[in-house]
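Pasting a structure below so you can have a look.
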Amino acid sequence: APASDKNLTGLVAATFTPFTSEGEINLSEIGPYIDYLTEKQGVNSVFVNGTTGESMSLSVAERKILAEAWCQKAKGKLDHVIVHVGCMSLKDSQELARHAEQIGADGIAVIAPSFFKPSTADTLRTFLQEVTSVAPTVPFYYYHLPDFTGVKVLGRDVLEGIEKLIPSFRGLKFTGNDLMDFGQCVSHSQPHWSVLYGVDEQLLAALVMGAQGAVGSTYNYMGCHVSKLISAFEKGDLIQARAIQFKMQELISYAKKLGFDLGVNKQLMNELSGLSLGPPRLPVMPCPHTHILSIVQKYHSIFPEC
Amino acid sequence: APASDKNLTGLVAATFTPFTSEGEINLSEIGPYIDYLTEKQGVNSVFVNGTTGESMSLSVAERKILAEAWCQKAKGKLDHVIVHVGCMSLKDSQELARHAEQIGADGIAVIAPSFFKPSTADTLRTFLQEVTSVAPTVPFYYYHLPDFTGVKVLGRDVLEGIEKLIPSFRGLKFTGNDLMDFGQCVSHSQPHWSVLYGVDEQLLAALVMGAQGAVGSTYNYMGCHVSKLISAFEKGDLIQARAIQFKMQELISYAKKLGFDLGVNKQLMNELSGLSLGPPRLPVMPCPHTHILSIVQKYHSIFPEC
Amino acid sequence: APASDKNLTGLVAATFTPFTSEGEINLSEIGPYIDYLTEKQGVNSVFVNGTTGESMSLSVAERKILAEAWCQKAKGKLDHVIVHVGCMSLKDSQELARHAEQIGADGIAVIAPSFFKPSTADTLRTFLQEVTSVAPTVPFYYYHLPDFTGVKVLGRDVLEGIEKLIPSFRGLKFTGNDLMDFGQCVSHSQPHWSVLYGVDEQLLAALVMGAQGAVGSTYNYMGCHVSKLISAFEKGDLIQARAIQFKMQELISYAKKLGFDLGVNKQLMNELSGLSLGPPRLPVMPCPHTHILSIVQKYHSIFPEC
Amino acid sequence: APASDKNLTGLVAATFTPFTSEGEINLSEIGPYIDYLTEKQGVNSVFVNGTTGESMSLSVAERKILAEAWCQKAKGKLDHVIVHVGCMSLKDSQELARHAEQIGADGIAVIAPSFFKPSTADTLRTFLQEVTSVAPTVPFYYYHLPDFTGVKVLGRDVLEGIEKLIPSFRGLKFTGNDLMDFGQCVSHSQPHWSVLYGVDEQLLAALVMGAQGAVGSTYNYMGCHVSKLISAFEKGDLIQARAIQFKMQELISYAKKLGFDLGVNKQLMNELSGLSLGPPRLPVMPCPHTHILSIVQKYHSIFPEC
């Protein structure tokens, strides 16, 4: 059975987009990136061209090239390549969805448009339907990110009746702190859906609420530790799971005091992985190197092993 | 050993303030209220004059009378009576703290003042220190309610060094969705502190993160169910714990669609308990009776037993 | 005719509350304060126990003592003493309203309660009605401060039908940037109402929209300049009015970069007036003296005269 | 001298994008649209592909085609065609800026990117510099829209030192209620800059603060009335200017109660102008026709003439 017939579970890395030092996309780093994830982090699925991938700072053409490279190089190495195709413009999203289908992506994901914000679940669902209708054979995941987009529609409300409108619907990435809404997404989900959580620093809370997996940027460099968190949780060893979660929180909260944003995150990945993913693009700013070094040091003091 | 020497754990009901139908405080209903909590809900501790108790709509004199009545009638029946003494005015809070000490409250709690909002943890801690310094023998709990007060100071930051400033510090009621901050409060807490959670609809998430108890308004009428949730969690039966949590979410989310606020909550309690706690006070409005009836009906369909 | 029969117009100083250095109310400074306002600033009306007066940090008893002292010492010197009686608790507000009537205040003002926030104009109007009903002979002004209180009800909607509910209604202090709402308050007002504006740094915008006066904290020390702004505006000399407004903006924006809050504001007044109004009360913090000095210096460079 | 050498002043219509009923761009309506603006509304400049034009819902290719058509058909008819080239992606913005230069646009405008939000004026200015550097001969206007984009950087701070970085800088469209910030933009502007205001319903307030013109969507159908407002203001007849402003407020506030958004706005334009600009695009929804009719009726009752 093809990968896309299996439920999407476990850890999924929301990948950074590799740039050259001049800020152009750098496809040659994708292969090593995949090897790093699978070999060093134990992460076997990726979420490409999402927020972490700075997709909104890429042109449509760049997103296509990147999606294609990821799908191609992932063959035989990764379980799932989910390509995020959300854009402000429905037309652009459709173009990317069509393309993702052609290149054989294992799934597509779509965030709510956030310049003009849908004010009801109905409007948002209709938007999602229009995007996905041009790529009906690809599993579709809704990407719920309300605090960032400012779209104040509950995840559960988006899910209501969604499978009738979008037969390819297969789950969602829920990135938010409202765990009642998350719980309702879980309790109203179907067996062939995947309900994934996206706030890395409180993943354990989502697991106990029924999350089947997690998509996040920190799994790029903390995947090895978070795998242990998940295993501990699955074995019922909550003490151990909590201990790892607390370590993650210690690191992330330390980074936040220094201004943790996507620029910091990307350079942290460069330092920890040894990959050359380059700087972020404007309007994301690169971060002072001294901050990075002190976060890296914190990382090693919190996680001496792995 | 007196109650106040034991850590505050388990379920704590944030009590409604009983009013007559004319809106005056109604002390005679407190005895039956306590009996209802202990006998029907299995709840043995209360948090009095908090948000649920409409304390900000009470005069200082009324708060004293209520605190005294609760402490007196709780004797031999409840484990802990925590009296919330937070006010906009430091003077008023001090007066209430002094009074709580005199009447033998098991603890006092203080919310951040929210008209003039402390902008740093330092300012807030200094405010809390000034309040508690006049009642140094009473265990003190910080009441963290950032979304409601608009005071954007992390719980963990408030806790930093707090015991040196406030020797009577014994823990906090954390009512918020930021479970990284909550986790950090837990991981940096002392053994004689109690870290309690206040968002009833996602209690399970806080338990897995290390919460030692819970304070909330819905435990007034869902305590019996939530006790089972906690027992299941403690036995490692997460399936069962989750099932109960989902039921609570079903009810609360149903009520939210109908405009769940303190007025609804109070009348729901009246209906479910049979007590006569009266209407809320302005600016909280009473709620249309038809809404209450339909929530009550939902309650019984979700929780047929108990 | 008594003062209260004249419309409230022109400049009104929102007064600071004089404290001793120990933080107790200091009545002896009120007389000199009034002289300073009338003689040095040309300000002849005051708004007492408002936000600037830290009313929410005062006890009810303190507010009464202060209101009484202001009314008494203002006799023969000030045109209007408006006593703000808004509180979180309706009972407290009523007690203060009754008291203000007894001591002969020229008007009372009430802010929306902001802990429990009225969600509709109806609820807010009902609250205001309950407060004012116990002091029916005193002119009543609604104090609109939505950004600070978080009460998202339009001023115009509060005014709808208010005179039928509250025959003593005489106008409002509108402190907000929504000048469509402000304009609607003006265009729907009655001849015997006063529509006053409360955002000092953009007063000119409100004047052109029809404001009949202004209430603000900076008129305590910029009243002399703002009087000239108003005169220039009334004479049709918009160039001159704008020039003064820009100077005010230069000062306030300079202060904002240094953290302009009530603590800064009060100490700035101390420095500029020579009065001894003491420090603010917690949770408002006193401000570093170097900041004050540099704002004072800016003041003198912007306004060399007066 | 070419139009672009004159300061941009007076009324500028932020144009809607004409679509066919199938939602494709409809160039044939642009000519009649221009005639309508000049002949019926007395509006002689346009701001194309802005928020009103749903630019974020257009593909880059569509934006180019539209910009070209507007520039071409405006020749000899309009004073200024300002093409908005702001996008989430810097690359896309640069492509559009380059294109705007080629087609001879009279100016370009750029909004702050709002998915990844610049957190400092420096970052935002650097972004603007990168966009404009590829089209150095076209006058550049910064488009300030903080409430909509969520980018909390003051206009004045963006302007600081901007001309050194961006020699083509010629002014800004300020759409916000913070008139201290607006006033500071005016008082720190250069003679060859244009400071334009974008909140139609409080334009008069900006005029008194020194606005040299106005860009807005309602000038598409209220331009004839607003021209009179501006004339009255310039003649010093504030009574008359205010009366027209109040009428505009009456209409807009009426529309707001019915859910005034871009979908309503566009269909209102269709009804009032007789043009066929089509429906909006998802995620903007078309609006119930009954709402439109009742707003149109209100329009005619408020503005019987013109």
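Each chain gets a letter, A, B, C and D, in the order it is written, and its residues are counted from 1.
Keep in mind that, in the parts below, contacts are C-beta pairs under 8 Å (C-beta built on N, C-alpha and C of every residue); 3 or more make two chains touch, one makes a residue touch a chain.
Keep in mind that this is a model prediction, so the values were computed, not measured.
Which chain's mean C-alpha position is the greatest distance from chain A's?
Ranked by distance of C-alpha centres from chain A, the top chain is C.
Can you compute the centre-to-centre distance for chain A and chain C, using the mean CA position of each chain? Integer Å is fine.
Comparing mean C-alpha positions, chain C is 50 Å from chain A.
Nearest whole angstrom, what separates the Cα centre of chain C from the Cα centre of chain D?
Averaging C-alpha atoms per chain gives centres 36 Å apart.
Which residues of chain D are in contact with two or more other chains?
Nothing qualifies.
Can you work out from the touch definition every pair of chains that touches here?
Listed by label, chains in contact pair as A-B, A-D, B-C, C-D.
Help me check something: in the complex, which residues belonging to chain D touch chain C?
It comes out as residues 156, 177-180, 183-184, 186-187, 199, 201-202, 204-210, 236, 238, 241-242, 245-246, 249-250, 252-253.
Provide the residue numbers of chain D that touch chain A in the complex, in ascending order.
Touch residues, chain D against chain A: 54, 56-60, 62, 88-92, 95, 112-119, 123-124, 126-127, 130, 150, 261-262, 281-285.
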